[in-house]
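Structures are listed in the sections that come next.
Two complexes come next, and they have one chain in common, subunit A, joined by subunit B in the first and subunit C in the second.
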Partner chain A sequence: MSDIHPQAETETRALVRLGRFLKDNPVIPLIGLLFLLIGALELMRPGIISPFWAGNTIKFAIPLAMLAACQVLTMLTGGIDLSAGIVATCAAFVAATLTPLIGPVPAMLTAMVVGAIVGLVNGFGVGIARVHPLIMTLGTGLIATGCLQVYQRYVIATGTDIPDILEWLGTGRTAGLPNGLFLFVPFAVFILWLMRYTGFGRLLFALGSNEKAAKLSGVRSWQVLMALYVLSGLIAALTGLLYLGMIRAPSLSLANPLMLPSVAAAVIGGTSIFGGRGSFAGAIVGALILRVIETMLTLARMPEGARIALFGLIILAVTALYVRFTEQR
Partner chain B sequence: MSFVRKNAWTLGLIALFFVLLGVTRLIQPSFGVSGLESLARAALPFAFATAAMAVVVIVGGIDLSVASMMAVCSVTAAVLMQTMGGVPAILITLAVGALMGLINGVLIVVTRVPDIVVTLAMLFVWEGTALLILNSPGGAAAPFLREAIVGSVLIDGLPQALIVMAVIVALIWVPLKRSKLGLAIYATGSDENAAFRSGVAVGRTKAAAYAFCGLFSAFGGLSLLALTGIGEPVPGPYLLAAVAAVVLGGVTLGGGIGGLLGPIIAVFILRIIRTILTLAAVDPNVTTIVEGTIMVGVVMFGAFLMMRGRGPT
Partner chain C sequence: MTSHPDPLPASTADALLDARNVAKSFGAVRALTDASLTVRRGEVVALMGANGAGKSTFVKILTGAIRPDAGRVTIRGAEARVGSPAEARRSGLVPVYQEPSLIPDLDVSDNLRLGDTDAEAFRHWAAELGHPELRLDAMIRDLPLATLRIIDLARALASTPDVLLLDELTAALPTDLVERVLRVARAQADDGRGVIYISHRFAEIAELCDRATVLRDGRSVGDVEITEGVEDRVVEMMLGTRIDLGKRAAETARPRPEGRPRLRVQNLAAAPKLTDASFELHPGEVLGVVALEGQGQDELFEVLAGFRKPAGGTIEIDGAPARFRHPADAIAAGLSFVPGNRAEALFRERSVRENIAMPFSARARTWGPLRLRHEKTRVAEAVERLQIDTRAQGEVQRLSGGNQQKVTIGRWLAHGVKTLLLFDPTRGIDVRTKRQIYPLVRELAEQGAAILYFTSELGEVPLACDRAVVIFNGRVVDLVEATEATEERLMRAAYGLGTAEGAA
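Here is the complex of A and B:
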């Protein structure tokens, strides 16, 4: 922005400055939007906004935000993790079926190992075999679904049990707030710290902004991608465990409906799908926004079709506005 | 020689298909005309979904809403055929499909939101639209539509469904590929900036490609209706299958490379693998694992071949 076009600049300077400010602080307009939506909700149904409602909204936004973390981290490198929902389902199912057999702690650890294995395969495909992340994670998702169905055949007789700790995390409340926050707050702090203050986080941004430049500066991209997808698998598995405690009924498609909204939460949160830009704080607000919108659409008592369609339109409108404002791609 | 080299991937796929056909005969000696016919019928919606996906992948995009658009078209046709003749209903459905695709494309161009995100959002929109049109499976299919894909033509073993599909795809794709628009689609897919600087109307080209995607999806929806006889508002598993077949068929996810023949052969390969596994009495769940592994494996193999072809870098 030098002064090649001084007149044009004076006219648009305020807008540009606003855009730049929003670009640097993507969370602020999002929080504004969130409160706007909450205000609209209060107008639609006066008296709905209560501490209980807030607790409930937060409770159901937590697993969405955690899965969105998978998307934010992988999108930073220009990738995406479409296996996250299925990994979460697998982890939940494995934990629930193994608990009566080997006890809650080993069962949960096994569930995490499942996530790590899928992540390892993803990392191998994306980092070493250079398969497009979209294809790779779709493929591993398919494979994992099949494995889960075969596995189910063998454990159908043992019955399921949900570890107490997960139930406490998923359904309990402390001082009106859901216990899931005991898991989520440290998790969020860890992710934010990882993205902002560690070498690993910077490597993710570097790979996403310009992979060639990053490689020329000595980044071993396959190691970074390997670690990234394993981390993503672990996060997805952890989400699955938490979600299991919340729903308390393991099924073969438990967390799958969270998959596409998690991508939407990450995108609404200002993460660029092309890599190099993203924030987890934005994704958290994005998840909350999605949950509030869902409440609104449920309250409006529309037919299911109209609700689903409006949900899609709102996602599109929010992202389009966002792109307009910040002029990002 | 250059023909062979240029079409190596497609020719390889055809060879693979015939090998698999042979394997099927080995496992099940009675696999014959009727087996081929049912294979072709079952592959029909997958083939159209794949054709739809291939067009937008060639232009450098992706359309996650293909399965939802197919659902909208299937219920539209099913509802219309209750009250009016089959032919006008089909024409309206095709127009609806093309319009939906055009809306996707225009939104991508106008909002400048990445295509994955737009079509992800539109996936919900079209899914909801389908539910609004028809809340539960219902409607009716015109009898001639159902008969159009049954049986063989000319000689035994040449399934009519296959011919119908081949004729429709060829009638749309061959003139398109040879036209100015086709050239623009390939140019935009291989390098958007270069295409723009050479005077290609990139935005219009993209929107047109998405409209063709919608048109193929409409055929997919019609074939769904023809297969089942009722309109089904809930999208089927066509999205993943279409992406898999497109990639198997040699269309790269960056755009600009490949055609429709490869992906459609890939559809049949994936279907026949399913048939083989079923005939071999393999657990259908294992089949899912095998399909996923094949998809990932073939893509890795393709990347490996490309790296070798390019030589050490």
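Here is the complex of A and C:
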């Protein structure tokens, strides 16, 4: 009798430990989920899984994961960047229309400046005027959309051109893998390093966890928020450039459809919208998961409406399950 | 030495309110074990007790905000179990608190309507309380705090309560208003009603009250008539015998430090409660701060930590005047703050190491790569010195309260301590951890740190401090050497009772 009890206790303790391990390393169950979905896909349509398919999935997951970086970083502080999709669109449009006029490199730099300016306005609003990030970035996103339409009237005659380097990054393949990885791998390493091994990264977690305690430690939060939103704007602009090379047709709503999935990728990846907890590695896996789910829904040959609705439902289910799983002690 | 409560008069038939043997626990914490209170017609009864004696829990039970585990409360002799604040009001007990219970976004008349208060009666009482010109269409949020208290009190009086409960109503109220409040309360009693009066001020109690009921550690320990010189007995009752917190540290008087002070505060004032604080803090000194709840000590620490701007007075650091716009300025000047509420200082879901190392990254020029090795040694030193139990160091919220408190202190040990502002660092932590904190405070001082140490436990003053300033009603009123800092002496000073001149 007496020896049953300790054993049960060891068992629960092992479970608790597993729970904690998963909580501390939330990417591992997520990767499991990704492979589960890929297995399901293979069951649905045997033979679909191929190196080409994998390359394609990765290729389209890259811009999503990059935009998700904007969301992860801002969400760490309890914020969000709803202007990221529009900033990406603006950057792409500016780069494509300016290239015939001033050459590819100045055009791309100008596109990045656009991202930085929107970020600066966001940072001012969130960090100094203390507007809620949701409202602030929604507002700047709409303003940027309006400005883009005005801008379009001025450049309507110049035509567009896409810098070769972007086309190479967006459409080329090296050893079967998309060239976009040449941009994405250094980018991902930089973001992971920033979050984990720099003072700035640490402050992002701190602001989201307890802003008062951060203040007590001597952190001036407006400085951090300002830098954060500028960084987010730059990342969004970079994503826009890559996406331009991928789609090769600038439009006034090019990257906008990526916006909400980028939030979903971050949330599926284990980033808390309330701040203080998050992982970019998780968001990368989250972006891959979203792309795989998309493939599944396309294969199921559903009407467009049902597909979108089901996509939303799956995102909710995955997030709920995942949060339940990792929050448990 | 403990005088047992004089048995209450056998006939409680004329009692307006009679609370007997009330007990209440919150989880494992027994807030009240055996509290009793009787108010008869024509009486003003003071309810007294030191911090943590269970006063606020008792008030909540009397007013029906929470239900007691045991005991009964009768109002007007009828066994009326008070179930809700509304029920308590209907049965004739009306409370008025320090924080006015008025809705800021409504005007005065709307607030009156909410409680079905008669406007004419309200006007009468407002005039009686010195506000005849009060406009009923004034928005509550536009009115000063003192006026709000008067409105709250006038509203309570307009409902002709049998028992009026005044909870710290006169704190931070101008003297002329205090006089009016006391007069009206006395008049209530003279009309054959009852008043329960809660206050930290002996002078007011002596002027107004007939009896005092004293609470200590959750039970009623005394019921005394207010007469000349009763203060000493009340103070004695409030203290009782305390558990020993450790060996006395200050057996011999330490010489007062000479030379330039690290921190000199002169005539410092900060809204709403601090009006005039002056003291000096020298390197190597632990200066205690003793005050009852809400006497201005919160404001003092927040100003020194850069969280609040002073309304007047000066702060000098090493002889140079200082002004802090942000805690970062205070930290740069060497002032580091450990707040009373741990939740305000910790990043709950982050690791012990990150919590301790946070100040290293605070300034913009330290946003780059972390100096991991430097950080690791400094954090390890702090953890070692404080003996923080790091078995659950992945997330600070998994640590015990005592260990969490050590982390908040460890942060500044790792960063380097010049002037440490400790606000009640031992609140709510176990005795063992407390005993670790006192020697640590002493040791830091011996190494040249200057420490300002607010404590709500008077017994800590001789253990950790060299001397203590006493704040009462927003002013520094006394400076007590640790060797003379008996709890009785401190308690008297904290209640604004003079030292040499006896009862004020």
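The working rule: the second predicted complex is superposed on the first by the 311 of 329 C-alpha atoms of A that agree within 3 Å, B and C clash if a C-alpha of one lies under 4 Å from a C-alpha of the other, contacts with A are read in each partner's own complex, and residues count from 1 in each chain.
Rule of thumb we're sticking to: a residue touches a chain if its C-beta (ideal position, glycine included) is under 8 Å from a C-beta of that chain, and two chains touch if they have at least 3 such contacts.
Here the structure is a predicted model, which is why all the values come from computation and not from measurement.
In the superposed model, more residues of subunit A are touched by B than by the other of subunit B and subunit C. Of the two partner chains, neither subunit B nor subunit C is touched by A:45. By the touch criterion defined above, A:13 reaches neither subunit B nor subunit C. No residue of subunit A lies in contact with both subunit B in one complex and subunit C in the other. Taken in their complex, subunit C has these residues touching subunit A: 305, 307, 326-328, 331-332, 337, 339, 343-350, 354, 357-364, 366-370, 372, 394, 411. Across the complex, subunit C is touched by residues 20, 24, 197-200, 202-203, 205-206, 209-210, 212-220, 223, 227, 276-277 of subunit A. Here subunit B touches subunit A in the complex through residues 62, 107, 111-114, 116-118, 120-133, 135, 233, 240, 243-244, 247, 253, 283, 285-293, 295-296, 299-300, 303-304, 307, going by the rule given at the top. Within the complex formed with subunit B, the subunit A residues making contact are 80, 125, 129-132, 134-136, 138-143, 145-147, 149-150, 153, 260, 263-264, 267, 272-274, 303-313, 315-316, 319-320, 323-324, 329.
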